[in-house]
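Below are two complexes that have chain A in common, paired first with chain B and then with chain C.
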Partner chain A sequence: MRVFSCALRVVAAHPAYLLVYVGFLSAMGLFITVGLSLGDGGDFEPARPDVAVVDRDGGALGAGLAEFLAAGAEVTEVDDEPFALQDAVATGQVSCLIIVPEGFTDDFLAAVRAGDEPPVLDVAFGPASMEGMLAGAEASQYLGLARAAAVLLPGAPAGDVAARAVAVAGEQAVPEVVVPEGSAASGNALAFYLKWCAYTLTAAIVVSVGLLMGAFSRTDVRRRNLVSPASGLGLGLREAAACLVVTVGVAAVVAGAGWAAFGSTAAGLPPAAHGLMLLAVAVLALVPLSIGFLLGQLGVGETASNAVGNILGMVLTFLGGAWVPLSLMPEAVVALARFTPVYWYTDALDRCAHLVEPTTGAVGAVLGDLGLVALFAAAVFGAALVAGRLRLQSAEAGGNAAAAPGRG
Partner chain B sequence: MDIVSVENLVKRYGDLVALDHFDLRIRPGEVFGLLGPNGSGKTTAINCILQLLTYDKGSISLFGEPMAPTRYDLKRRIGVVPQNVAVFEELTVRDNIDYFCSLYVGERARRRELVERAIAFVGLEDYARFRPRKLSGGLLRRLNIACGIAHEPDLVFFDEPTVAVDPQSRNAILEGIKAMNASGATVVYTSHYMEEVEEICTRIMIMDHGRGVAVGTNAELKAMVSAGERIEVEVAGLPELPEPVLADLRVLPHVRRAAAEDGRLTVMCGQGTRNVADVLAVLERHQVPMGRIYAEPPTLNDVFLEITGTDLRD
Partner chain C sequence: MLSVFTATLKTVARDRGVFVWALAFPILLSTIFMLMFANIDEAQSFDPVPTAVVADADWDASPLAGAVESLAEPDAEGSDALLAVTAYPDEAAARRALLAGEVAGVLSVDAAGVPRLAVAPADDGVGVDQVNQTILQNVVSAYGRDRELLAGIVAADPRALADPDRVAAALEPPEGLRSVSLTREAPTETVRFYYALFGMAALFGGTIGLVAVCRVQPNLSPLGARCAVGALSRGRVLVASLAACWVIAFACLMVAFLYVRFVVGVGFGGREGLCVAGLAAAALLATALGTLVGSLPKVDYGAKTGLLTGIVCLLSLFAGLYGEPCMELADLVAREAPALAALNPARVITDMFYSLYYYDSLAPFLAKLGTLLALAAALFAASLAFVRRQRYASI
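== the complex of A and B ==
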């Protein structure tokens, strides 16, 4: 009997689906995870906002300010014209525009040394980002240092005060992100990718298994199989084996891509955590397998399988908190999410990503989550068996009802 | 020994009786036709024989052995060509035939030989690598047949195999069935098309309301009823046939009805050996100018009409 190879050929006859649902969606998951850079180590890169300093004073403090800002920002030239200044801020040419008023240096030093409140700079921020605020804060920091220098050097000229402020500002700590092995953050990227791929797994497996089962469940093909000397059990087992191979294949590609891309960032996790994550993927894959099996039993067509795979995949993945954290969701949504398998899958992955020591309690909690996922799959599989039996008897499938008088 | 033996088969759906103490015997080497209108029980009977349906009462034997859903040894000797095309859209013609053949024949080398033979039998050599969606309706029907007969069964059920088929493919299918029968297979053929049944079936059962109302050869069935020839004569020169001519025709021994309309005389006869000669003699006696003359023997529809009181095509 060539049931097994025939079943696999049915799936292989739709390479576009495999390419889109497995290849493209997995790649999408990889890019999104990389783009989010989930704090699994790497270098710290400070932002460099675009800043313009319009120095109407021409004094030492204005020049010192421009020099100071140039170290951490891109300093841009802007004409000192009302329209040009407005345009620079409004169009986002600069994130922060600082105007040093005329006489600022002298007034600042005089006020500080007299113990009075010093004059302030005119500052405008662009609407596009928070970078401008950061540059404004840097300018305030510079003036604070200049103020201290002016007080510490009471008779010093403005140039010395400005030079002292710039020199002191340059002595900054260099930030570095260090992620110790086994820390909570080390499995975040891998876990996020696997959570995102709940959609990939659902859509790809539902469509593939739905196609496979649908081909064998077509009414007349099914009847042709039934009148043959092949036992129903034998046929069913071979179809099930083919479904399982397709499911394992899809899960292996999806998980393999994840470990290839993010496995090294999760190297600090204990082997048990990796094993449990892999188990989570395998158990979740049983859910779309059972849904695809159900669709096949119901005789659902190719287009409907695609629709169900996609829509259900998106809904389950969203409700499971794989795309948007459930902490941002209303209580009702969270309550509803608990009745979906992906919720427990993401919970299991979160536990795995933060698993420092594979204690009985920690591993048990993960296995408990996965047990619930498996129960979802079992429930759908049971419904599929009932649906298949009912359909076999239905008129549409040519069963008993089909032979009722009036049908020939 | 009968190839198919059905005794006293009863199949009920609530108060409705689909098969009412149905009996059927098919001998080896026959092309047996099951003829009947929709709802007569043809498909139900076949589904019961194939164990696709359970039944309330009666017994079914194939090849002299009691038939049951797990009699795989008997199923191995049966081929089924369903009414609808039952193939995998994703597989090629050759792979489809190979798959269905593999349900019956495990040995790969033997199967390869059978598949090639089946492809040649239905004339699909040039399309072996095609997928079904690229085949025309007639070619699809041929593929459907090849999938059902590739394992060279001893008994083949054809369920309306020529529905929606062009005349050329229809003739090819009927010739194929004859060839298969000539090579030793027993064929059970259901159809609405009386002409096909008359052409290829060695024996015919007429079914109505779940029972076999008549069974026999084509000639035997026609002999069962009183209907005889239908004689038509062109009388172009006479728009109105004189009433005395019609009166003389109506008193002939086997004439049931005689009427003339639009220059054409139609005479319906009962069983008789000299009907045509008698009618022509009357027309000659009255010097009626005759054109072309047609004499059609009774059809199965006439038989069905007389036995059941309804038209077969209803």
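== the complex of A and C ==
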């Protein structure tokens, strides 16, 4: 019992890690998830890109364009000077910046009425290229409407042409949102949060467990413990129990925050889906537990286990598709990602988020994913046991190698 | 002083732990980014929207069919098609594909000839679904808008629509937009990850300063105790040690920079020389941050490294390192509280590279550089307050 409580005291003596990795990162996951539109409401919400119209013409068509775009986009004012234009595009203040050249209104009307190619608008896209394309498509539609009005009403003044195009801007189709049968609400928000927290879990558990194990595997502490009346097995089991308590504690905080914040949005899911999500968190937590255990067995110090936990957490979370969707990545990377536990964890959560009917097949698929995650944990744990054994026999730890010939 | 400098240089360089953060971290993560983003900037500049159409008799009879077909073909300039269309024989099959996530929406035409759009709840969390659905909404809206426009025109002049060919020609979509770049380099979604990575890696260089400061603190290491009773004044020992730390932090950043520039192939707007100056300032700031954390009194070494890691993770989060949703959060904070962003060193370092990449003028870069130097000076001044006149042991 003493070993167990002492091990927990080691972790408790480093509140900075727990505070930063568990408290703070979980809170960030909550903030980011709250800020997303994850379609849990079931209503269609159109994207509203930020656009700017720089009107160098001052004619009716330029003014009409800004008015037309305002129906489906946020129109922002940008000064027409080189730095402000660059700034707006570079900082992503606008995803689409349209420049109406001087004389555009007159040239456009004259060209379309004569059957010639009309002049074009210069458009610059910001980093959010998809939203930029959306705004660009709207602007093209406006020009098409203006052209139709100008051609079909050859005598209409520019103001009338622009007004006719603007008048139909509000004519927007209302899509029907098809919701899978029986799921008014889905677990998207909860699943997204839990995916984000793959980093929180990995970093927090690797660091805490690595710290705990590292404290016990320092050579002189180890020697003292080995000559004590406690058996090696009992000692190891108590350390392991303390590691497990830390792991369960971290996972409980992470999961508890998630369910407290987003549990109600996933209320439409059956209890089995909730149970499987919770199981996913618990199983994923075993992977950093064994990594931390391995680091401890290797005698890695506090700074290095902090670094390994943090960096590994980021790499696994990025590769597992929890931060950037894997659909955007090349196939080779997706293939590589299959060799990381977080990939199977995110896959399991995605399945759970839409698990309306817990059929044997659907639950089996989730359990299959989680089984793979557990296998990763088991493999690392096995490696850790071997590493621990080798280190026990090493010269540094005073094992058999220390007594080998040729050593003083 | 020179001997303290060289001795610090040697001892820190022999500590492999500090290189994990300052060197291995940026190289490892940039390699991961390189693999992950291999085709985002080229292919994802715009991905056609996966669209299902219910190709029944009503659809074939509708003008929407032709419009959708033309949107699914690359335009004359060879740029990407807007839609990637898959035809399904009936509504049920199309909706199955929709719910399976294979398409962003289902376009169909009912018996009355009215176009319809069905979508699934957008749930990817990064807005791609939402934008795709809105693009499809626009395609369908275009039909309604054309009809409304024609109704208005016919009300003004009943003879305007007399010639069907003229109407068809008038409704042909014009080639209305020409894409131009206003910035030095075209905006891309991925450079920002690398720049944010440099923000984090530079600040992690602070661990070098932290290690060195802890070593010269008489109560934290025997070496510090020996230095304290040496002939060299405390200030000189500190200056020489910190100069050595800066050299190592800068060298690590330079190696990472060369790797990212030449192996990963990330562009820096052709201003690599200025990047080096920026990295030198970033290394100075990191050293100052490490010094401040390292000089906090009554905190043991382990807690200091934990504290520094925590600070750097926090600051990097608001520079947008942890994925796209995180970038949106960082941008939101920068818009709502510009002062916070202006004082966040990770964000300043990220923005410094950004300003070189995007702006013709060097003024934004110089402003960021100035901010870094001012922040470094402030941090050094604060740490001086902790390091000076400390009493470690009294009898």
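What we mean here is this: the second predicted complex is superposed on the first by the 258 of 408 C-alpha atoms of A that agree within 3 Å, B and C clash if a C-alpha of one lies under 4 Å from a C-alpha of the other, contacts with A are read in each partner's own complex, and residues count from 1 in each chain.
FYI, a contact is a pair of C-beta atoms (placed from the backbone, for glycine too) under 8 Å apart; a residue touches a chain by one contact, two chains touch by 3 or more.
Quick caveat, the model's predicted, so the values are computed rather than measured.
Peer 1: Touch test for A:M130: chain B only (first), chain C only (second), both, or neither?
Peer 2: A:M130 contacts chain C only, not chain B.
Peer 1: Thinking of the overlay built on chain A, is A:A139 touched by chain B (first), by chain C (second), by both, or by neither?
Peer 2: It touches chain C, and chain B stays clear.
Peer 1: Looking at the overlay, what does A:S231 touch: chain B (first), chain C (second), both, or neither?
Peer 2: In the superposition, A:S231 contacts chain B only.
Peer 1: Name the chain, either chain B or chain C, that contacts more residues of chain A.
Peer 2: C
Peer 1: With both complexes superposed on chain A, which partner does A:H14 reach: first (chain B), second (chain C), both or neither?
Peer 2: After superposition on chain A, A:H14 lies in contact with both partners, chain B and chain C.
Peer 1: Going by the contact rule set out at the top, does A:R223 touch chain B (first), chain C (second), both, or neither?
Peer 2: first
Peer 1: Based on the A-chain superposition described above, do chain B and chain C contact any of the same residues on chain A, and if so which?
Peer 2: In chain A, residues 14 are touched by chain B and also by chain C.
Peer 1: Using the touch definition from the top, list the residues of chain A that touch chain C in their complex.
Peer 2: Result: residues 14, 16-17, 19-21, 24-25, 28, 31-33, 35-42, 44-47, 49, 72, 82-83, 85-87, 89-90, 92, 97-99, 112, 117-118, 120-131, 133-134, 136-141, 143-145, 147-149, 151-153, 156, 164-165, 167-169, 171-173, 175-180, 186, 188, 192, 196, 199, 301-304, 306-308, 310-311, 314-315, 317-319, 322-325, 328-330, 332-333, 336, 353 of chain A touch chain C.
Peer 1: What does chain A use to touch chain B in their complex?
Peer 2: 1-3, 6, 9-10, 13-14, 215, 218-221, 223-231, 398-408
Peer 1: Provide the residue numbers of chain C that touch chain A in the complex, in ascending order.
Peer 2: 17, 20-21, 24-25, 28-29, 32-33, 35-40, 44-47, 82, 95, 98-99, 105-106, 115-138, 140-146, 148-150, 152-153, 156-157, 160-161, 166-167, 169-184, 187-189, 192, 207, 302-303, 305-307, 309-310, 313-314, 317, 322-326, 328-329, 331-332, 354, 357-361, 363-364
Peer 1: Can you name the residues of chain B that touch chain A in the complex?
Peer 2: 11, 13, 16-18, 36-44, 47, 50-54, 70, 72-73, 75-76, 78, 80, 82, 84-91, 95, 98-100, 102-104, 106, 147-148, 210
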